[in-house]
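Shared between the two complexes below is chain A, which pairs with chain B and chain C, respectively.
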Partner chain A sequence: MKYIIAIFFTIIFALQLSAQDATEILEKVDDNMNSETSITKSDMIIYGRRNSRTVTSVGYAEGKNKSFSEYLAPAREKGTKMLKLEDNLWIYSPSTDRTIQLSGHMLKQSVMGSDLSYEDMMENRKLTEMYDSEVIGEELIDGRNTWVLQLTAKVVDASYESRKIWVDTERYVPLREELFAKSGQLLKKTELKEVKKIDGRWYPTKMNYKDMLKDGKGTDFVVLEIEFDTEIPAYIFSKAALKK
Partner chain B sequence: MKLAFQLAYKNLLGAGLRTWLNAGVLSFAFVVIIFYNGLIDGWNEQAKIDGINWEWGNGHLLNEKYDPYDAFSIEDGHGKLAADKQENLTPILIRQAHIYPNGRMMPIQLKGIDPNQKTLYLPTDLLNQSKADFPVLIGQRMAESAKVKTGDDILLRWRDKNGTYDAATVTVVGIFETNVPFVDGGQFWMSIEKLREITLLADQTTYFVASENYSHTETAAWHFETQEYLMREQTKLIETKKVSGSILYIVLMTLGLLAIFDTQVLSIFRRQKEIGTYIALGMTRWQVVRVFTAEGSMYSIFAVILGALYGIPILWYLSKIGISFGTDGTEMGIIMAERMYPIYGLGLVFGTIVIVVLSATVVSFLPARKIARMNPVEALKGKVQ
Partner chain C sequence: MIRFIFKAILRDKNRSVLPVTVVAIGVFLTIALSGYLSGMLGDMIDQTARFQTGHVKVMSRAYAENIDQMPNDLALMDIEALHEELNRDFPNYTWVNRINFGGIIDAPNENEQSKGQGAAMGMAIELFSKTSGETERLNLENSLVDGRLPQKSGEVLIGYEFAEKLGAKVGDELTFMGSTMYGSMAFASFEISGTVRFGVMAMDKGTVIIDFSDAQRILDMEDATGEIMGFRKEEVFMQDEVIEMRENFNAKYANDSDEFAPIMKTLGEQNSMGSYLDLVDSVSAMFVIIFVLVMSIVLWNTGLIGGLRRYQEFGIRLALGEEKGHIYRTMIFEAVIIGIIGSVIGTALGIIVTLLMQKYGIDISGMMKDATMMMPSTLRSKFSPQLLYIGFIPGLFAMVIGNMLSGIGIYKRETATLFKELEV
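Coming up: the complex of A and B.
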């Protein structure tokens, strides 16, 4: 009987430890990937059936609730601006000189034909707030040791019921992420590569987002320049900035 | 009056080819008007029957938050109706989803319906008969655009009421053909209970389709749209077509009536001696006017007879085989069968006859009035007045 009780408590303790470890890992990942502010210049390479196109943009972000981005190239998209404040998203189009607010079903549309939806970009909660996590194994990705974390939604309104994240054991950077439907169907996959040390933190500078239900190579997101914790003027995060 | 018609009849037959040319032109206008109106009436009748059988039923009871013209209202436009109020109603729940045929992503409307319903022609019994885990029903146009056929499996992605993604492979168990685009393009039909289960929307309905036995009583949070109201777009379209068709009638009638008018003017000019003789024989001037007016009217009667001779076989034949315009009206969002069958009502035929005869009479009378002002002696001498 003593043995059974001992084994029972050992299992409970091990499970708690695993959950705690996973939560700690996620918190470190959150800390590493998020900053007070960031200014990012990036290329979004959208692969189509026959060709690909590159959209260059500069993005300003403050915390998780404020972001502003302006498209710099190609000429057709140049001047298009997007502002996100809390759960609201506005888009300014220079060709029509109009600002529209996206809501409802429009948020599920793809951004510039990429594999990312506006809603994917809008997600502003930390993983630790939305998911219970558990370390389910270790794997080697591109020569780096990773923990494999299984995330299960603890809130009812998470877009994805479960996720799997491969986190670099030394740098606390996710190197791969898979997003699943309630049925367990794999919906999206993200590969994060070319991890560099920028301003004292490890950060992936090349990401590939792939809608696994569609054909194609997905969408690459390449960070050209990034600055963390730089002061950003308040007017950037206002609707007036869209028309400037 | 009888004398006037006898004289008019003899004069017209005596005029030979000129009479038959006038009657021919007018008969053409007469036949075309009946044909065009018959075609529009046939289309209207067919569209209404198809609309009622496939989409409108005896009216719709919609959730107050649902607006059929606003796709954004689908998300929240649903509610629960007490079971005792659902008698003679077929519930339909709409959700937005995506399908992935051959690696492409296509947005669709996922519509849940009671598989046992008999109100609409949708072959929903196929959903019951199928052994597939997740059977769906689609229309011919949806099948063509997604390039799927009966028995194909297709990946479907949707969100539950909380916004969480879910996905499953569905099986197309039937493809139906309909002229009604509102139940076909961009839509997947499935069992409403299954849709409620996978979206966590238990007992929720977007709108109900009423059957013939339904009688509406006011229900909070729901509003009823009658069959006539649902038909209004189609009715307006038909009315527009009729108005645009009337331009054609005016052109054709003008050509026919102009011919009669010209003939009358020429007759009065050339037959002055005859007019003088009639008056000399004791006819009053207005009796002579009646003779000439009767001649003009008789053109229209000849036109009706001539039109009936060649029109009846042609129109009857067209009403049997129908006419295909080679266009698919459903692509334009209207109910239009591939082949339209004209319907010629008695009202249409007799109405057209009355219009043609009256118009011809008026057009004949106008130049004939000149006779009333003629000097009979001068007329008898044949002097131009």
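Coming up: the complex of A and C.
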């Protein structure tokens, strides 16, 4: 009987330890990937069956609820702007000189034919706020040791019911991510590469997003320039900035 | 002889009223139901052909594989040359371009804010072409609820329920947001020229129609189209002909390994229409067979009752020396005349009801408030020359067969026992 009780408490302790470890890992990932503000210039490379396109944009983000993007190239996209405030998303089109607010299921539509939805682009809450986590193993990815974390949504409005992420054990950067629907179906897969130390933090500068329900090579997101914790003028996060 | 029988039928109402009524009801039901079924099923086929499949459709192979996703990034290119080829090889068909596209329609208020928004099923057709026949084919002029058809670039037709949902009316501006053929963002402003009732709930709630040239411009589809639809110039679907066309056309590209090479599909190969076409063919045949079987049994029974009622009459006629064969033949003649009278009455009633149902139909829109399936909101019958004989012939045969079966009893009567029977 003593042995059974001992084993029982050992398991409970081990589980608690694992949960605690997973939460700590996730907190460190959040700290590493999130900042007070960020300004990012990036290329989005969209691979189609006929051709590929590169869309260049500059994005401003403050906290988890404010972001603003302006598309710089190609010519067709130039001047298109997006503003996210809380749960609202506005898109400005210079060709029609109109600002359209997207809501509800419209947010599930693809952004510029990429493998990313507006919802994906808007989601920047911390992982620890949205998911319970558990370490389920360790794996080697591109020569780097990673913890494999299983995340299960603890909030009802999470875009994906569960996630599996592979976190670099030294740099606390996710190197791979798989996003699942409630049914357990794999919806999206992300590979994060070319991790560089920028402003004292490790950050992936090339990401490949793959919508598993679509054919093709997915969408590459390449960070060209990034600044963390730079002051951003308040007017950037206003609807007036869209038409400027 | 016929005159004699005819007089007998008219004078002895008991001999004629019940069988005539039974035949007339049977023939009427056959015609009315057959007309209703072919109307309903045919409507769905016509509707599908006009809006979705054409009698044949040419697409790129890659597009055909993913057709449910409206994949305009896989559209057909160099369509001018393809049109020349189609017109040369199949001159009996009208070839029209169509682009189906999805996106968001936003209706702004006076402050340029969104007052309504919804996901749109866009359909680009050759509205401005004088030869495409698209406005007549889709019956757009008669479907207008308000306004007029688009006459210039930048005008749009919109499903009337969609317009209501957006809070928009004729003359209002709408903004479209979607993706170009190459995946870029597509924005465009349109003015509502008219609202239409397609008679299909799914379309009334979310369809917008623009001219093909507008769609080419907005979606970056120069010399490209999603689909080229072929309609027989007489607008009648000919299954055997389109199968031959498909085989000839596809054979030309059989050795082309390009995934964007054109492929032709017939109506029967799209939208699971093949099994539907088979169903339509077999339903009428099934009706006739069931009718003949059921009516034969009913009329056999009617004939038997008549035979029993006329047992004494036949006995007297036999006793007077009339031949059994003669009695049997007169009975069959009677059955033919009664069958003809009943079938004429039934056919006339059936045709009248079918024509009325064809003109006015049954409005089931109230039952389809939330339907997303593409089916007409008014159920109509369809008159076809086939209806003139589809009930008449079985009605006549059933009556005759019924009487032939029941009349066999005449031959079983023994002359020796007749007087004894008649005394009873």
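Simple rule for what comes next: the second predicted complex is superposed on the first by the 243 of 244 C-alpha atoms of A that agree within 3 Å, B and C clash if a C-alpha of one lies under 4 Å from a C-alpha of the other, contacts with A are read in each partner's own complex, and residues count from 1 in each chain.
Keep this in mind: contacts are C-beta pairs under 8 Å (C-beta built on N, C-alpha and C of every residue); 3 or more make two chains touch, one makes a residue touch a chain.
Everything quoted here is computed from the prediction, not taken from an experiment.
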item	value
When chain B and chain C are modelled together on chain A, clash or fit	clash
Which superposed partner A:Val135 touches (first chain B, second chain C, both, neither)	neither
Partner chain(s) touched by A:Val58 [first = chain B, second = chain C, both, neither]	neither
Contacts of A:Val156 with chain B and chain C, given as first, second, both or neither	first
Which superposed partner A:Ser103 touches (first chain B, second chain C, both, neither)	both
Partner chain in contact with A:Ser95 - chain B first, chain C second, else both or neither	second
First, second, both or neither for A:Met112, with chain B first and chain C second	second
Touching partner for A:Ala241 - first (chain B), second (chain C), both, neither	neither
Colliding region between chain B and chain C, picked from 8-16, 44-52, 242-250 or 404-412 after the shared-chain fit	44-52
Touching both chain B and chain C, residues of chain A	103, 105-106
List of chain A residues in touch with chain C within their complex	46, 48-51, 53, 74, 76-77, 80, 91, 93, 95-96, 98-103, 105-106, 109-110, 112-114
Chain A-touching residues of chain C, taken from the complex the two chains share	62, 73-74, 104, 106, 108, 112-114, 117, 119, 175, 177, 179-180, 182-185, 187-189, 220, 259-260
Footprint of chain A on chain B - complex, ascending	71-72, 74-75, 96, 98, 100, 102-105, 155, 157, 159-160, 162-168
Chain B partner contacts - residues on chain A that touch it in the complex	103-106, 108, 153, 156-161, 179, 181-183, 185, 187, 211, 213-216
